[in-house]
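The chains carry the letters A, B, C and D, assigned in the order they are written, with residues numbered from 1 in each.
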């Protein structure tokens, strides 16, 4: 009896909150044969827009790429622009940026934890993850007035200084996060249903992961020790002491554990940054109309989703000639098919969740 | 007590009561579910419509009543329409055999708190609950589209394979109580002084797990839950037909909870009934105890749903064939051995 | 703060080995702002990529960037420049390969060497109209299938064409 | 030894009971729901709400129609014209059109305004039913509170 392959359609109105993604699946009674992601539903033509805006006007647009972690998009673009224009950022500004970006990584991982758990069925973890995330967003609202599209990092430094009162509130929030993590880990870590849905599911070994260009926590879960904050330190990350958590067999469970451990490491970094905040200016003097001599630069940072790169080419005017963004989720999504092959089609949901992709960043 | 009243009015009253009882319990259950899941997740839940949101399910039902009831052109008309009726019918009919308390003597007339008492009441309830499986198959197949068909097949396999441990554990209770009559079983528990739930904990746990799986409830709600892919057998339904499926699922849950209470936790008996010091507990009517116990189990349903992730389908089936069925068999043998020796 | 990775010994050694192995191909080497860019001829691209990956251990093709030199190119100069951003990790060595491509010339696809080039090349085709020979499934990735024109080209109007999809 | 321990844990549903314990404790935890619109949670001090023009103490508009904000804006929401009455030293805006539906709240205009005439308010209720409600002319830029709501959406605000 020749088996009849069924093609199924998942999305684009995918209820989980990755954004607008459509998966074309070919399934042989429950076992996944082929997965073809269809993207482009959220394409806003960012790179075309950037060519008609000045260097500073591009920054608020980068908020809308990975809208779960807008501050790290800002940092990625701003570091590339500063390297191109040769602007030296004062040390205090770099440290404040690290406080903001690591808090943003924390918030992004908490959002991911909620989405993934909800996809696999643990609906309450979504609310717990978001309650913890809201405390971090309150800090951003207090710092520069916005919670999601924050636009909290400018070319040359940061918009505002950090005072002692703000540092106290940040420490209070940091003390609250482990309590939430404790609850969530008690609910999930040793739970037989959770482990049965995640251990050994969606495996990718180190060699394939590197071949597919996977980056970020998903790559480190396969045991490849490659974190841009350690490999190519930027914005004085080399002055901080933190570990890079690694997984062993690159399945959904390891990706879950690696991101949880990264939350703890981010807390550690923010504490160190607050304790040793150097004196000095919180922003360099940047001319209002920033004209940049012709040149090109490619700079990468370790965003919560993976390695986020910006290539900028200047032509001497105040508007960039070309800005190309290397999106981590765009490359990571390519390895979804490899991870899903051989698994059951009810696992595709969990595997997609463990990849932590955001469609705003994929579609640009 | 003229015969007219005894033979017509009271039975008619009881029939209306049996129809209303699950309906009211369903409304309470829908509200309880949304409220408890909300409270567990740190939010308030519905508290606007009516007092503390109790009228929310009524509003939902009303909305569903006026919603357009679409049917696919290629859907098989007869089966498509009969499916929700079958599912609803089997749940409501089963409620006729659920005794709510000891018969009450009013003057010369004894009012029995159930419609029908039969020596094999237990079997009838189990039989009726598997009739609803037909509703699921017809609903899924008649919708003539991929997702409902797969959802229906999955639900059927799950319900059928979980009926085996369910049956076996019910067998142990009937074996110990030497009768299939629910009222008899409760009286046996009263005379034995201990509830079967504590006497045979393994039977209770296996029964409860199979009951949760039987009603397609979390963490076994895979066929329905993957709304993005397989929305379960009632994907193509809308309006009142969907409301029927929805209410039937909750009615099925209430039915199974009352079964658990009757078989394992001594129906309408006050807790620690035998202890002389707590004799005043008997003053409270049996029906109240019965309701309190059912509410606990309904709460347990929602509590489990809010806590655990979903099982994947293959391990859900492996669980029942590799663990629950052998366990219930062993348990049955053990109890038979103990009874034989005593 | 120039990128420390570039003036390290490995990068100069890699570039020297590259020019030794492919004398005809390597047209120019530029070090700017701490980054090394190697200009290559179109033909030897895949051989260079394979050499970099297999012998020199450049295990990551991080990004493929396409530049439209409609206004900046000299008369008759190449319309597009395609940049291949390759890197070796975790040793953190980074190199940029630049290839000049005319408007309707066809490049060899890098997918046989770097699996992650698949979508990057589809995006280059969708946005600029560059064709890659040997690509498993060269289709548009962002725009709908029946969209005419390539949005990121300099001559494509910013507000898009009215009536367009 | 750990295999036996693991088997016992699995047999006596330890992980299941532990999970139920956590949700039971959280069942009695503090609820975070803010019952809008009865309770309104005030946004932070530096919250970036709707942009408002301001007047100095004597009631004179601060805006000198220098169009710095118009140039700084990335999504060109502004359309300003100014005139200097004869004899007056500073220009005054005669036309100040601002499109709320284009604004991305990036804050460049506030930073670049020499007389800090335009600033963020803490008003976050910005919904309207017609496009006209989202288009602000010079007088509308000074509205706040209830009159702002009536401008934004003429009929739809339920009487509070």
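The rule is simple: a residue touches a chain if its C-beta (ideal position, glycine included) is under 8 Å from a C-beta of that chain, and two chains touch if they have at least 3 such contacts.
All of these numbers come straight from a predicted model, not from anything done at the bench.
> Under the document's definition of touching, what chains do chain A and chain C have as common neighbours?
none
> Counting C-beta pairs in contact, which chain pair has more, B-D or A-D?
By the number of C-beta pairs in contact, the winner is A-D.
> Starting from the Cα centroid of chain C, hunt down the chain whose centroid lies farthest away.
B
> Distance between chain B and chain C based on Cα centroids, please, to the nearest Å.
About 64 Å, centre to centre.
> Where the CA atoms of chain C average out and where those of chain D average out, how many Å apart are those spots?
Those two chain centres are 42 Å apart.
> Just curious, how far off is chain D from chain B if you go by their C-alpha centres, in Å?
For chain B versus chain D, the centre distance works out to 50 Å.
> Any idea how many Å lie between the Cα centroids of chain A and chain D?
25
> Can you list the residues of chain A that touch 2 or more other chains?
Residues 124, 128, 131, 187, 191 of chain A touch two or more partner chains.
> Going by the touch rule set out above, which residues of chain B reach two or more other chains?
Within chain B, the residues that touch at least two other chains are 40-43, 306-308.
> Would you please write down the residue numbers of chain C that are in contact with two or more other chains?
In chain C, nothing touches at least two other chains.
> For this structure, enumerate the chain pairs that meet the touch criterion.
Between chains, contact exists in these pairs: A-B, A-C, A-D, B-D.
> In the complex formed with chain A, which residues of chain C make contact?
1, 3-5, 32-33, 35, 37, 59-63, 65-68, 72, 83, 85, 89-92, 94, 96, 114-116, 118-120, 127, 140-144, 151-152, 156, 158, 160
> Quick check: in the complex, which residue numbers of chain A touch chain D?
53-54, 56-61, 124, 128, 131, 134, 138, 141-146, 149, 151, 159-160, 183, 186-187, 190-192, 288
> Quick check: in the complex, which residue numbers of chain B touch chain D?
Answer in residue numbers: 36, 39-44, 205, 303-304, 306-308.
> Any idea which chain D residues touch chain B in the complex?
13, 16, 19-20, 22-24, 26-27, 29-33, 35
> Give every residue of chain A touching chain B within the complex, in rising order.
6, 8, 10-11, 14-16, 30, 117, 120-124, 126-128, 131, 187-188, 191, 193-194, 196-197, 344-347, 349
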